[in-house]
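So that you can tell them apart, the chains are marked A, B, C and D in the order they are listed, and the count of residues begins at 1 in each.
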Amino acid sequence: MIIVFKPHPSDADIAQVAAKVVEFGYEPRVIRGVELTVIAAVGDEIAHKSLETLVSLPVVERVIPIQKKFKLASREFHLANTIQQIGPEKLGGGHFLTIAGPCSIESRQQLRTAVQDCLKAGIRVIRGGAFKPRTSPYDYQGMGQAGLDLLAEVKAEFGVGIVTEVLSSNHIAQVAAVADVLQIGARNCQNYSLLEQVAGAGRAVLLKRGMATRIDEWLLAAEYLIVHGCHNVILCERGIRTFETATRFTLDVSAVAIAKRETHLPVIVDPSHPAGKASLVLPLARAAIAVGADGLIVEAHPNPSEACSDAAQQIPSAEMPRFMAALQPLIDLCAPANANAAEGAAR
Amino acid sequence: MIIVFKPHPSDADIAQVAAKVVEFGYEPRVIRGVELTVIAAVGDEIAHKSLETLVSLPVVERVIPIQKKFKLASREFHLANTIQQIGPEKLGGGHFLTIAGPCSIESRQQLRTAVQDCLKAGIRVIRGGAFKPRTSPYDYQGMGQAGLDLLAEVKAEFGVGIVTEVLSSNHIAQVAAVADVLQIGARNCQNYSLLEQVAGAGRAVLLKRGMATRIDEWLLAAEYLIVHGCHNVILCERGIRTFETATRFTLDVSAVAIAKRETHLPVIVDPSHPAGKASLVLPLARAAIAVGADGLIVEAHPNPSEACSDAAQQIPSAEMPRFMAALQPLIDLCAPANANAAEGAAR
Amino acid sequence: MIIVFKPHPSDADIAQVAAKVVEFGYEPRVIRGVELTVIAAVGDEIAHKSLETLVSLPVVERVIPIQKKFKLASREFHLANTIQQIGPEKLGGGHFLTIAGPCSIESRQQLRTAVQDCLKAGIRVIRGGAFKPRTSPYDYQGMGQAGLDLLAEVKAEFGVGIVTEVLSSNHIAQVAAVADVLQIGARNCQNYSLLEQVAGAGRAVLLKRGMATRIDEWLLAAEYLIVHGCHNVILCERGIRTFETATRFTLDVSAVAIAKRETHLPVIVDPSHPAGKASLVLPLARAAIAVGADGLIVEAHPNPSEACSDAAQQIPSAEMPRFMAALQPLIDLCAPANANAAEGAAR
Amino acid sequence: MIIVFKPHPSDADIAQVAAKVVEFGYEPRVIRGVELTVIAAVGDEIAHKSLETLVSLPVVERVIPIQKKFKLASREFHLANTIQQIGPEKLGGGHFLTIAGPCSIESRQQLRTAVQDCLKAGIRVIRGGAFKPRTSPYDYQGMGQAGLDLLAEVKAEFGVGIVTEVLSSNHIAQVAAVADVLQIGARNCQNYSLLEQVAGAGRAVLLKRGMATRIDEWLLAAEYLIVHGCHNVILCERGIRTFETATRFTLDVSAVAIAKRETHLPVIVDPSHPAGKASLVLPLARAAIAVGADGLIVEAHPNPSEACSDAAQQIPSAEMPRFMAALQPLIDLCAPANANAAEGAAR
């Protein structure tokens, strides 16, 4: 870490701060500059207590950490792209995976139709919400266990993989009984208590980036999952909150490129939530593929105008074969090259 | 709701949408304009299913809700300012309440010193974290139950009120056994599952605004608490995430003024988190008082440079008497007038 | 426009607002709902004065415009993609154009090397700043007229097209004497005085989106240019300012898709400024191509570590052939299809 | 500056970068840490070329400037609060100044009424726009020279000071002939060409913060003005663009506190633009006073519902006496203390 003093510290000030640095387990190197004086504190910033507390001393202007805070998620810890088995499909390292399905599970008929439409499009991993986080307490909150039962049915009948969201530690066991992948939604990305408990469920975890979560904080949330025992973390960029109102969220494609370089984890993109309307989902999916995503998670519903949630952004599931056909040449061109590029850039 | 058509809809398009409007329980009024055609859908937007799903129809450009979505939290439901009893103090309706204490509870000695310093400053409601949400899994995570035990000790000995955070539904009962107020942190503001469960604990709930939560979403989170049985909700503005990096968060004083008008709930401000450094806490507290806040929640630590979390923004607790003395004339000038103004503006 | 009343307006309130609506030239249609009353004001919102002033009446809650404010830039005004001739190249309607060159012109040698490297990469339109907007008054401010003279030299010798920035109305004539395209930088996107004057210079204008400019405001800035006589406007997305600090700006690929649908103008992307570092430029360029951009504008410098500005994000110009080779298959796959898709979506 | 290497640099890498550091005029100090190696470059960062270009070297991870970039605006250059004479009033150093008047000048009658109402409220410095920056080319653009003539009339008759906006270097002389203070609007805060020219007009300059301008960039824009000869710069916070849509902009009160500490310049607040509606102007003005602002600039119009621009946020000018009466006790309490506090904090 670098400790920057306010202008003109006395020798006693410098000595006092240097002593604190030693006390915290680092080795201080004092550098007296023309305009400013700094102490470079030598030591592993993860293993020792942070020196950032020293900002509270009146003579200290600021403390600058220089080491990244995540380890197990990093390319330095594990260079090669992680490849995961998700139901009948592979994800990562050149294996591009598309997940699709309705925002909420609403009925047996609705889910079955969506699944059958997805299968026609070549999609064999299904998403569908049984527990729904809704901004208003008066909105539809999901079918709960009955929705999970319907997911279990389609899994058994069609052999699809299942991705569904966990909202509460109370539901982890019942969701894990059905799902191949437990989804942590954007609003829970920094719900560390839930992350710790989900990590121990023995399932892959899809970690959506929070709408105001910086990339380094998102990767630290992934680090929580790994530290607590989850070895199959999937990162998912789904748009951040900005001043722009023409879209629901601003898809941050740079975050995909950065997460691919900094970590060995697969990174997928949800183009539906940032789009906010169905007609923008295809171009955003194209951008995601080209920037280097390992997969997509797309909302598709048999009849969007009657959906119980997020109607505007759901693609009619009957159109999924055409949607995938429009993307396939791009996937074929980009996926293998991107996998190599990310590993290469990290070397 | 207002349904706006794309340019030049056919009569059949209009009839189809009007029929859907009827089907959802609203009464459609078609208005054919010079450039655009709209349908005004007459009906209670909370009682009926949202028409926003109609955006998925190809002829519809957009759907504009015009009714506010919260009821029980609103001034229309309950005009007068809600006044709450928090330990030995009142909050709201002209009763200004300052809560202070360390970010994390670290030891008996640390907590007792902080409490005694606060008491000297006239502060009789104490905050202190036993369970801490930390961005990195390698950072200090709090004392847990041992921290709660220390809070119980100071409560018994000094008669102070206690505010402490709940991170997980697993801890609600044990936290509620000690705390007068259960705090929902910014990262859990839209963790609806936790909100529902905390609401039933029989304690007041302090609801921090999320760092990317819009005011209407924050008030809907309060509505969740009320719907699920919590009648003593305290709103807390603590800064939002913006592009500015000179502060940790951007304190949104407008949100205080708006929440005071739109709801009957007390609204307090946390000036410590947006400041990010101790020297900015006082001016932000001043702005909060003047804009109409009903109270403050301030981080104060006996020895900030050795704090386990948020060191930079904690005020040395020994300085709290001077801090409160600097604020008292402003509180005396503003608090009664602001209470009346908020009620008056809502009339 | 839709005028929403506060709850429970009297008949006299409604009549008073309706009279104002008539006075402003619209026809009022009163709709009394269950919870709320609204007036739909029928009339062309561009031709008449805005009713938004009525928000200042105490009985009015809000006024909602429903018509888009730009006309000449819109697909409704001109359905087909605009195709422009930029020096020796075409832009738009399936013609993908890459522009490259140094951030600032620093010397004859530097510019010539950059141009020759670009030509080897198949790039025949060159960017280069003679007048530079710099955040600090102590930073390099550009060569001014001497830089323009160097641009004129390379234009004459190599037959390249020239894109360069105009910072002030004082320089328009001298810049227009050399440039094929006058660039309006992000900080001047809403400098309407400059827009009006640049529009009359008889050159194409490249309009960068401001870092806090919403898409509708950006398209209205383009409308300013068209209204004041510029028929060759090129839109350029270059990233917006958000809370994320891992990149310099957040590239908003959705803005490209939306601008392509809403307008007939070519839309290009600057991947260099949002990236902030050279290694991210390639993935962002890939995302831009896939989402539907008509071109790229890329910073390339013979020796970035000695550049006078924006060193971190400039690609070594000697690498431009490899850079373009990496993009060409994607351009070949995407450009024609995207052009058709944008026109089709607008139909 | 601190140069951070990527992990495991070779001795040759370090020597190469150190040589560059010497070449740029700094003295390099190499610090080999446990996990990372850095070079601290000793030297005045303003006097020398920035080392940030070294980020373009493949072995460099990042370069961290540690010195502030503004000098003439800083408290270190000039410790005491700058006090300015604005028409008949003083501003700064405990002299609180309120400026008010209509958004746009629309007619002699409108301006005279507004001025007379302001005088009744004790306000003797008037704002009013003759040239208006409007988002749409179809909106009212101001009266131009005729508006300036009306300002000259009221100045002569009533002895008021005049603040009005300059949009273009073409208008500087004509605006400076009438105005005591030339206003640079938010959209031109980083229009450096205009800043340079306005600085030489021999008038005070009111510099509004841009809606996406960081505090350090805003202070550097002030530095441009000072470097180019303007010795009376007034900083004006007017809200930044964020995700929140309940207000037009988010008033950043922290920016006031920071600008007061870091610079010796007076800092005022425009509460009208962030509020976006008249009823929020008073509470935001209160927050501004309490946080330490030296003054206010408020929009007031004789008849807001007929205003040509910004109707919703203008206070009826007849209410200005009541508005000021509501603020005066707060001004009396805060202004002198805040002036001392800012100087004291900087000592």
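The working rule: a contact is a pair of C-beta atoms (placed from the backbone, for glycine too) under 8 Å apart; a residue touches a chain by one contact, two chains touch by 3 or more.
All values derive from a computational prediction rather than experimental measurement.
Chemist: Go through B-C and A-B and name the pair with more C-beta contacts between its chains.
Modeler: Greater number of contacting C-beta pairs: A-B.
Chemist: Using each chain's Cα centroid, which is most distant from the centroid of subunit B?
Modeler: For subunit B, the chain whose C-alpha mean is farthest off is C.
Chemist: Counting in whole Å, what is the centre-to-centre distance of subunit B and subunit C, each centre being its mean C-alpha position?
Modeler: 38
Chemist: With centres defined as the mean C-alpha position, give me the subunit A-subunit B separation in Å.
Modeler: Centre-to-centre distance between subunit A and subunit B: 26 Å.
Chemist: Could you list the positions in subunit C whose residues touch two or more of the other chains?
Modeler: Subunit C, residues with two or more chain partners: 212, 241-243, 245.
Chemist: So in the complex, the part of subunit A that touches subunit D is made up of which residues?
Modeler: Residues in contact with subunit D: 2, 4, 7, 29, 31-36, 38, 40, 42-45, 64, 66-67, 76, 241-243, 245.
Chemist: Subunit C touches which residues of subunit D in the complex?
Modeler: Where subunit D meets subunit C, its residues are 20, 46, 50, 52-57, 69-70, 131, 133-139, 167-170, 187-188, 190-194, 197, 210-212, 217, 220, 223-224, 227-228, 241, 277-278, 304-307, 311-312, 314.
Chemist: Can you check the complex and tell me which residues of subunit A touch subunit C?
Modeler: Subunit A residues touching subunit C: 212, 214-216, 240, 242-247, 250-258, 261, 274-275, 279-280, 283-284, 286-292, 329-330, 333-334, 341, 345.
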